[in-house]
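Just below sit the structures, each encoded as structure tokens.
There are two complexes below, and they share chain A, which is joined by chain B in the first and by chain C in the second.
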Partner chain A sequence: MKVALKIWRYDAVAGERALREYEIDAPVEATLLDCLDIVKDRVDGTLAYRKSCRMMICGSCGMRMDGAAVLACKVRMSEVAEAGHIPVISAMGNMPIVKDLVVDMEPFWGKIRAVTPFLQPGYADPGEKENIVSQQRMDVIHKESLCIMCGCCVSECNSMEADPDFLGPAALAKGMRFVGDARDQATVERLQEYSGEHGIWDCTRCYFCQERCPKGVDPRDAIAKLGAEAVRAGIDSDMGAKHAKWFVTSAKTTGWLRETELVPKTQGIAKSMKEVKFAMGLLRHGKVPPPFPPHVAKHVEEARALYDLVKHDGAQGAAGIVQGEHALSRLEHAEDGGAAAERGPYGPGSFAEPYLPGEETT
Partner chain B sequence: MHDVVVVGAGCAGMRAAIEAFDTGASVGVVSKLHPTRSHSGAAEGGINAALGNAAEDSPEKHAFDTVKGSDYLGDQDAIEILAAEAPGDIYQLEHWGCVFSRNGEGKLAQRPFGAAGSPRTVYSADITGHVLIHVLYEQTMKRMEQGSTPMHVYEEFFAWRLAVEDGRCVGVVCWDLVNGGLRLITGRSVVIATGGMGRIYRVTTNAYACNGDGMAMALHAGVPLKDVEFMQFHPTTLYPSGVLITEACRGEGGYLLNRDGERFMARYAPNALELASRDVVSRSETTEIEAGRDVSGSMLLDLRHLGAERIRTRLPGSRELALTFAGVDPIFDPIPVRPGAHYHMGGIATDNWGATELEGLYAAGEVACVSVHGSNRLGGNSLMETITFGRRAGQAAAERALSAAPAGTVSDVPLVQAQRDLETLLARKDGERPWKIRDELGSSMLENFGVFRYTERMQEQLEIIVALRERYEHVVVEDKGDVFNTDLTQAIELGSMLDVAWCMVQAGLAREESRGSHSRPAEFPERDDERFLKHSVTQWTDGGPELSYKEVRMTKWQPEVRSY
Partner chain C sequence: MRTVAYYKGCLASLSAKELDTSTQALAPKVGLELIELEAVTCCGAGDIHEAEPDYYLHLNARILAYAEATGADTLMTVCNVCTLNLRQANHALKGDAALLERVNDNLVTVGAPPYSGGVEVMHFLWLISVGEGYELLKGAAHKGLKGLKIAPFYGCQILRPSKLLGFEDPDKPESLERIIAACGGEAVDYPAKIKCCGFPIIQAREDVALAELIQPIEQAKEAGADVMVTPCPLCHLSLDAWQSKLRKQTGKDFQMPILHLSQLIGVAAGLDASELKFKRHVVSVSAVTEKLAV
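On to the complex of A and B.
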């Protein structure tokens, strides 16, 4: 098939950027990475990008396609080519470009190193055999341990764009991998470390990391889990923590969010006094419902039941046992709703049932 | 100067670096990729250790299965070391935080694997290599900020040549990929752990990085390679991309079917069926394909009967690969698979501590040949080898470095020589670019030096390689820049591939028997212990590779007829 690509080339020595278009012949099954290889081999040997495993596990080939971070080895090009679309390929965001599609990952790794990224087991003598931990307990960190450190989440992080020092989704997911590990004994220290400035509460919850992660690590969920663990451990002095706590209290008691009380609960009474003038303005325009008596949602018991359920399940309730649910659900062939699901594994149109030689065939 | 320089940062390299560091040595790690990008991370099914968590097991049984699997070419003392030390190494990984799967009692879960007499493969779903490489990198990062001389990782440094002085290895000449420029990284001991060379073949599970660099470096420093003719073809590589679908699919109960839906393995290995050793299964598949009982050149790996739940929890990575690269959901349809180049049993000849014939040079992992795999490796043994022998090589390299007399300054002759050669290569303006030579090598090796081998075709392959090497002398590197010049490094890699391929085919032609992965059905269909129960040894001379042989070290097990 014919594939056309526009690639943002960057020459660091000359400091020049240019959008170049390439057209190549590629096999139908070709991925974006295969297409880049063909460009490099047959058109322009100076094109630079990282690659290695080409099977979505080494994390080398993170880049952007039409402005969204992808693993080049994971993107099949046939649909794009058939639609006649010419995608724009560029380097990942939030990291300095070295050349063409290659970024400097050092800022990324620096943040990984900043979360004390190794087990702190708290034992001097680990004993002769393995630690006994149930699979259910290990499942708490299942998604976080799928991370291949490709940088796609960091590339897309809006908070990091505003604050380059923000720890970011990959490092915080790595942090959760240890906080959630039954064998790690530094949970409180970690949660304190991650709750500081540029930490957990600086995430704006835009969910871009979650959306763009090619492995289904769900980094935003990991950050949420860290937040919950921090509050549970009483590490809640950050305004973000207070803000979150008020959401919970409010939802549990009245089944809806009492915004009027949000500001004082988050910022404290003293700080809120500065906002009085603004609040009066809102009041004048009818934007503030009277706080008394509190308005209670009609089916508040449902909100309370939800609260009880989450409280009961704790961290294990948030555990996913399936690799990358989010990433998989975006594949058209995945079970939910696919044609294969409709006919079933052995239905009409499926491949024959297996038999051993000598057995009668059905 | 470092005490120990480790070249390559996959499982073997990082395990060696950690052990050398913990032994008290100052350590530098040189890797052309960031460590977590190494191909060890792509290992899927598991790592073998006789823990006895799933059924009764013992190191003795593990050793016997490995000896038999090797078709009696493995060195039995090395195999006994692997089997005996594996459990301790696994417990240590667990103590470091490795995210292994658990059984109902909360112990490490173990699953059945090919040609293993007991379920002894420890795993993490089907991403075992991934969790191993990340736990090792966690321990590496810890040591990068520890002590007065923390571990230093030279990331994206492309190792090109070994520096040898007075008969000792003293360092490695590297190209700094990010900034450009050659550097000589010096060490009292050097450990090579650069992995395999599957990219010599067109259809391979291996990453683009697996080009046999380490073997070529050793060859050209005068260090012999061992058993290079033995290339393992994995029976289940995904059609068409060639990525690995783990043996764990069969370990969990998957079937292999031909186009009729027949479980054909019953005709080739009536007892072990799909769980016969890899060489046996790959040959059976190739026979079926050649007999026309294929589906577009493939066999089918059928997991449907395992059910959605088991597939989603035990084999999620394989499902993800099948969905992404073949558009097949194994819950509903069988996966098209075929044999593909997977693992090189041969490599740099070492003793049981990873030491090579060159003083100061060690090797571990796939690049090395201790040998524990002989002529056919069992699934789950390669990850274990990287850990156990990576650790041993790291310890030995450190002990030697710490006890050796303090070295003087290292001469810059190797650096100057490399600089000259580099300038010659970059100065060339007209000629062929390397990719066509690479593609022709890959296709012809698959055709002429694959699962089944024939004298005439191997001879033809030797001629092809000689001609390709001739063309390689005139290749042109288009990128002349310093920054991230992969055009240059890929050209250098091709040189390594051509040299290693030459050694392989030469040794294959000379081995007039069928043993393990080396099968010559037409002319020499039987194993010939009389003539060939011995290792091939390849050394580089000015005229090319030169072959000799070496005895296999036996302890308890005499060769028997091998059937599954």
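On to the complex of A and C.
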């Protein structure tokens, strides 16, 4: 089949970017990675990209196709070619470009290292006897263990685009892989570490990570599991944790969110006093509903009783999310959408761009 | 007339009443009879899912059970966050008999009806952007929005994760554009229309949230939009109410009016001012109403 590609090239020596078009003959089963190999072999040997296993397990060939992060070895090109579409291939976002489609993964690895990505079993000598972990306990971290650290989630993370120091979906999913590990003895320390300024509560729940992950890790759910474990452990001094807890308090008292109290309950009285002028502006337009009389849901006593009842069901913390995974795993991932935006990935107002060495990130 | 159970959610009950009044006024014009759920609570907005996920599941099961008890097969939402939370719980319960049984035991213990899995959760946008609802909408929007340039803003949790939402291509959605076209308006395109408005962290991480929020507003302005429209009251709140903070922080005064989906269609359908309630907006909508001579 004939396959045409537009590839954003970046020449590190000349510091120039250019969108170049290539057309090749490829076998009908060819993946995007196969097509890049053909371009490199037969058309332009200077094209740079990463690859290794070619079977979705090494995580080397993360890149963008039509603005969406993909593993090049996972994307079959026949449908795209048949449709006559010419996809735009570019480097992943939120990381600096080294050359063409190759990004510098060092910021990524730095965040992985920051979550202490290894087991801390609390002993130096494992002794003679094996420690056997039940399948049920391993199921808790099944999805997080699937991560191949390709960076597709980080590429699209909306919070990291706004805060480059955000630990981000890959590192936090890795953190959950150890927080949920029955053998790890550093759970409290980990949860404290991950609950810092650029941690769990920095996630804006855009779900791009979940959408892009080629392995079904569902990093956003992993972050929610960390939040649930932190709250359960009483590590809840961050404003994000207080914000989340206020929804629980609201549901088990009035049933509906007690909106007006949310700001002082999240930020504390002193900080929220600074927001008085802003709040007055909202008040004029009815955006600050009076807390009294409270807006109470009909039969709210049921919601109150449920709160006390579920405490005894053994599905507290992350287990409350894990229990839903059995059913959710049967849902197929939607197709990648293939012909996403035709706009160039580096145009004005585009998604989180990879940045050049030495450039400011935001 | 299609009968659906109607879940307002927290914001449309209080701070975004204009969303509720315009939705209720519009519904019969697009073939929907709404049975408003009264004995329901907050869906947890993703926050209870993160703080106490088992409680989140029970609260949402209870909402689904009360929706099912109305006899309707569809639970209609008007908020992205409610949509994702309810659909997520619905899939978890429908796909796991043991889990559903435990949750139902608890529901019955507290006096709520059990849930048998007979409800589909659909956002208002989905019900009116295809099929019969869309055909009725085209007829109802008789006054049109001629000459108005409209920036559709989808927000996150009506698109992603697509395996739970799945109504349309999450990278190239077009339901809002279809509705804008049906109302005779002109949709403008811009990359951030599918990105995050920052609302979930706007109180805990305001600087991060504002750096997200500015993108869609700035891009919509540059694309020539007179107004932005969103299917989510949380996106609406950040886009509308937090513009003053963007002005303070960046010096950029966008003055971009933000409409709820039901208000935009409501203008085209000739809804009354008492139903549209534009005075409840922080950023004035007068530029829009003047342009359309409403």
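Heads up, the rule we're going with is that the second predicted complex is superposed on the first by the 294 of 362 C-alpha atoms of A that agree within 3 Å, B and C clash if a C-alpha of one lies under 4 Å from a C-alpha of the other, contacts with A are read in each partner's own complex, and residues count from 1 in each chain.
Here is the rule we use: a residue touches a chain if its C-beta (ideal position, glycine included) is under 8 Å from a C-beta of that chain, and two chains touch if they have at least 3 such contacts.
The structure presented is a predicted model; accordingly, all values stated were derived computationally and were not measured.
In the superposition on chain A, A:Pro126 makes contact with chain B only, while chain C stays out of contact range.
In the superposition on chain A, contact of A:Tyr307 is made with chain C only, not with chain B. When the two complexes are overlaid on their common chain A, residue A:Glu21 makes contact with neither chain B nor chain C. In the superposition on chain A, no contact is made by A:Glu82 with either chain B or chain C. In the superposition on chain A, A:Pro289 makes contact with chain C only, not with chain B. Overlap of the chain B and chain C interfaces on chain A comprises residues 321, 323-324, 327-328, 331, 333-334, 340-341, 343, 350-351.
Chain A contributes residues 66-68, 158-159, 161-163, 166, 201-208, 210-211, 218, 220, 223-224, 227-228, 231, 238-248, 250-252, 255-257, 259, 262-263, 266-267, 278, 281-282, 285-289, 295, 297-303, 305-307, 309-310, 313, 315-321, 323-324, 326-328, 330-334, 337, 339-341, 343, 347-351, 362 to its touches with chain C in the complex.
Taken together, the chain C residues at the contact with chain A in this complex read 10-11, 13-15, 17, 38-42, 44-59, 62, 88-89, 91-96, 99, 102, 106-107, 109-112, 156-157, 160-164, 166, 169-172, 190-192, 195-196, 198, 200-201, 203-205, 207-209, 211-212, 215, 218-219, 222, 237, 241, 244-245, 279-282.
Considering their complex, residues 12-13, 27, 29, 40-42, 44-46, 48-60, 74, 76, 98-100, 102, 104-105, 109, 112-113, 117-119, 121, 126, 128-135, 137-138, 141-142, 145-149, 178, 181, 183-184, 321-324, 327-328, 331, 333-335, 338, 340-341, 343-346, 350-358, 361 of chain A touch chain B.
By the touch criterion given at the top, residues 33-34, 36-39, 41-42, 90-91, 94-97, 99-103, 105-109, 124-125, 127, 129-131, 134, 138-139, 141-142, 144-145, 178, 207-209, 240-241, 243-244, 255, 257, 260-264, 266-267, 300, 302, 304-305, 308, 312-313, 316-317, 319-321, 323-325, 327-329, 331-334, 433, 435, 477-479, 481-487 of chain B touch chain A in their complex.
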